[in-house]
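This is the structure, below, for whatever I ask next.
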Amino acid sequence: MTTRVDLVDLTKHFGSAHPVEEFSLTIEPGRVTALLGPSGSGKTTLLKMIAGVLRPTSGDIQFDGESVLDLPAPERDAPMVFHNSLLFPHLTVEDNVGFGLRMRKTSPTERNRRVAEMLELVGLQDFGTRRPEQLSGGQQQRAALARALIIAPKLLLLDEPLANLDPGLRGEMRELVRTVQHSLGFTTLLVTHDQEDAIVIADHVALIRSGSLVQEGVARDFFERPASAWVAIFFGAGNLIPGERTNNEVATPLGRLRVIAESPASGTVLVTIRPEAVVLDAAEGQVNTFQARVIAAEFRGSHIRMQLKAGGLDLEATIPIDNAKSHAVGDTVRVTLPPERLWSLPAESSDP
Amino acid sequence: MTATQRTDRVIAPSPSPARTPSWPRQPIRPRRHREAVSGRIAAVLIVGIILLPLVPLVIHSFASRYVFPQLVPAEWSTRAWRIVLAADGGTWKALGWSVAVATVVTALSLLVAVPAGRVLGLRSFRGRRILEFLVLTPLLVPAVAVAIGLDITFIRLGLSGTFWGLVLVHLIPATPYAVLVLAGVFANYDADFEAQARTLGAGPLSVFRHVTMPAIMPGLIVAGFFAFIVSWSQYVLTLQIGGGKVLTLPVLLVSTASGGDVAITGALTIVFALPVVILLGVASRHVVRAGWGTTGT
Amino acid sequence: MSSSGNHSLRAEPRRRASPLNRDRSWTKLVPALVVIVPLFTAALVLAVIQSLGYFPLIGLRSFNLDAYRSLFSNGEFWQSLLLSTRIAFLAALLSTVLGIAMALGIRRIWRGRGRSAFLFQLSLPIPHVIGALAMVHLLGQSGLIARLGQSIGLIDAPSEFPALVYDPFALGIVAEFVWKDAPFIAIVALGVLGSVTENYESVAASLGASSWQRLRHITLPLLVPAVAPISVIVFAFAFGSFEVPLLLGESFPRALPVLAYRLHTNVDLARRPEAMALAVIMSIVVMAAALVYLTLVRRVLRGERA
């Protein structure tokens, strides 16, 4: 079922604490939207309000244009999957997965058929009669996912579902969630603090900070076109170069840098560039080129992470293994910052 | 994904679109206030219902004429209290016996229950459930059965009517409670702390004194509390094994009650109840943390 | 103790130890066993022996089932057995239902369980002797409730008030047990109804379970493992309690423990084997009831199926 969900100026106050402040977002039908933010940014509070566990202080939540504020949680059709699977310990896996259907008084035959289907979809077809404690963490999460999907929900809510899993397992689970969601097509809201979750699983990402929406768009936008210095840092753009911009040039300690016109901000700015975009030893005659000294060079498996110093600034560069010419600590190297990869931001404070 | 779906809103928060949603304003304060009031009412009700049965006896103890249908005594008097608290009366002797027996029973049962609880709680071995059930059995079997079963033998052994005879029989129902409580405490206990202390050079006694004891202290207090109450409240075991020679407070109270003087009965009841209620106050500060957990078998 | 010196650097394993754990920690159980086992088993064994007629004190040295036969043909025995079983069953049932209801009710009003646990434990230390005496003066025909009834005009004389103590239905007795034990069960239930249970209930709600469905399928099944052993103890205690039926019961039929005691202290020493037989029977009944009950509970939990 593809439901469109609108959050309109949602606010939640707990006394003097304001975890969510006038938050608005549209969750497009049939898509996975990730609500990404650091711990304490209010994302779980938002999730609970959408699920019906918490009442908003003000604002509205609409499913397909109709407000669901007065609908109690059991009637919203918005099941949640948590980071601890919360599979009912006294029921078998089958009974867990079929729970939602049993509450809807589905006939046992129909229920068993759909449970078997679901278990197969998540790869747990041989585990139906086991108890939750007999399953590994990853298997429990798969069962929890099946339990939520089986009722054909209007909205699937995932609250940091991969947080408790080993890193190796996480990749597998991301794929599973993505595949399952694509084949079944439910509107999904994924709440997470892990960027990779958001990038791999979601079609659309909304970045939340201190209860407010900071930026939304496809994952790439956050990397290439961050809305603020905070966003840039959150996504690992370690290079922030202060300067004064006039037209398409910025005067910085590294010299005059050319930036592209679409790049916003003027006046006092911070210019940011991703470590992967920094070019070393480019051909002669490029713009935005200067000399830098190598402070550190770490082998990281698939790439080399280099720390450079120029104009009193520290710069970070990530060079793929194949392109890396060997540079020792202390060497001087020619650095180029391609203008199309530079992005200028208003020079505000980046404190949380 | 079509271009129109790439909502590239870069700066937030977006102004709400042309909808003007109406939403109910929910002020927080009234709801919290309501909760506090109904909470207070519930508290008063609970306390009232639990304490209600004791009220008549308390009133009787201060009354010299308090018959049906009076709700408030026609005449008040402290006669009953003067009799009960008289220095040469039987009350103090009975109180002494009760306190002495209960204290020794508590100490001994704790001594025995700590290692036993440790074994039951810390490890999971085959047959643990059976062992737990076995530990539970002295609680299940009627005290009368134990009393009359041991009667003749205790007389033969010269334990009947003695302090130690009483202590021994009281240990039978008291120890299982202590063991169960401590097993529950040890189930949540991390023995790694002790290993740590040992690697730092502490001997076994030090480890126990500085690591184990503080950690299980709340459980010890609860276990001791239970053991004390079990011994303090014992009736039929004392009645039988005491052989009529020993009077603890419960035995004295029952014989007083059959005497028909309700005022004296009431006063003696309060004397009997007060010490353990005070103990409850002391122990409960530790209980809320430890939980009254008897482990779910 | 040399055993503790031996494992100086080895962290004690918390997993499943092998069945033949040579770890000598078994020895730590010994003191407990020394105290409880001999005394307790001795009591039972002696009761069994004496019930079979071996009673040298009065010259009986044969083993026979006379005592049992005499008991079984005694009408009062069967009535007492029925009475005690009924009392115990009602006490366990009512205190469990009431205790759980109180816990659920309190949970709605109070978030934290600390304060409620404190209030519920007020009846914990009160000995049953006091509880029984208190019930006499609360529920008796000239007791407090009766007097309240008179003051609002419901009755005129004590005899008009229903007999709640010394009554054939043993209402007063059951009331005393419920008064003492329901709060205890409430405390245990509150221990389970913490935030973990609430999370399960939230999940169930989000899957579409109404509040009644949540209670039936989630909350109660989670409560049962913790509450069941306690209600078994309540049953056993109510069945074997001496002082409460002594003070609150009718003179006929007497509750089983009271009957046993009277037989034991009977002037006619020949009745002692009967008292022992009664003790044995009581023990068997209680253990059997406990085993049956706990097995049933386990099976019900395992078989929670569609």
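Going by the order they are written in, the chains are A, B and C; count residues from 1 in each one.
The definition used in the following text is that contacts are C-beta pairs under 8 Å (C-beta built on N, C-alpha and C of every residue); 3 or more make two chains touch, one makes a residue touch a chain.
Since the model is a prediction, treat every value here as computed from it, not as a measurement.
Colleague: Determine the chain that sits nearest the middle of the structure, using the mean of its CA atoms as its centre.
Modeller: When every chain is reduced to its C-alpha mean, the one closest to the whole-protein mean is B.
Colleague: What chain is the most remote from chain C, judged by the mean position of CA atoms in each chain?
Modeller: A
Colleague: As a quick test, compute the distance in whole Å between the mean CA positions of chain B and chain C.
Modeller: 15
Colleague: Find the geometric centre of each of chain A and chain B from their Cα atoms only, then give the gap between the two centres in Å, rounded to an integer.
Modeller: The separation of the two C-alpha centroids amounts to 52 Å.
Colleague: Could you tell me the distance, in whole angstrom, between the mean C-alpha positions of chain A and chain C?
Modeller: Taking the average C-alpha coordinate of chain A and of chain C, the gap between them is 56 Å.
Colleague: Which chain A residues reach two or more other chains?
Modeller: none
Colleague: Could you pull out the residues of chain C that touch at least 2 other chains?
Modeller: Not one residue of chain C touches more than one other chain, so the list is empty.
Colleague: Going through chain B residue by residue, note those that touch at least 2 other chains and give them in order.
Modeller: Not one residue in chain B touches at least two other chains.
Colleague: Which stretch or stretches of chain A touch chain C in the complex?
Modeller: Listed in rising order, the residues of chain A that touch chain C are 51-53, 72-80, 82, 86, 88-91, 95, 98-100, 102-104, 108, 111-112, 147-148, 151, 157.
Colleague: Taking the complex as given, what residues does chain C use to touch chain B?
Modeller: 1, 4-5, 8-12, 14-17, 19, 21, 25-26, 28-29, 31-33, 35-36, 39-40, 42-47, 50, 57, 102, 105-106, 109-110, 114-131, 133-135, 137-138, 142-144, 146-148, 150-151, 158, 179, 183-184, 187-188, 191, 225-226, 228-230, 232-233, 236-237, 239-243, 246-247, 257, 260-261, 264, 275-276, 279-280, 282-283, 286-287, 290, 294
Colleague: Which bits of chain B are touching chain C when the two form their complex?
Modeller: Listed in rising order, the residues are 35, 38-39, 42-43, 46-47, 50-57, 60, 67-71, 108-109, 111-113, 115-116, 118-120, 122-127, 135-153, 168-169, 171-172, 175-176, 179, 191-192, 194-195, 198-199, 204, 207, 225, 229, 232-233, 235-236, 240, 250, 253-254, 257, 262, 265, 269, 272-273, 276-277, 279-280, 284, 287-288, 291-294, 296-297.
Colleague: For chain C, which residues are in contact with chain A within the complex?
Modeller: It comes out as residues 199-200, 202-210, 213, 217-218, 221-222, 301, 304-306.
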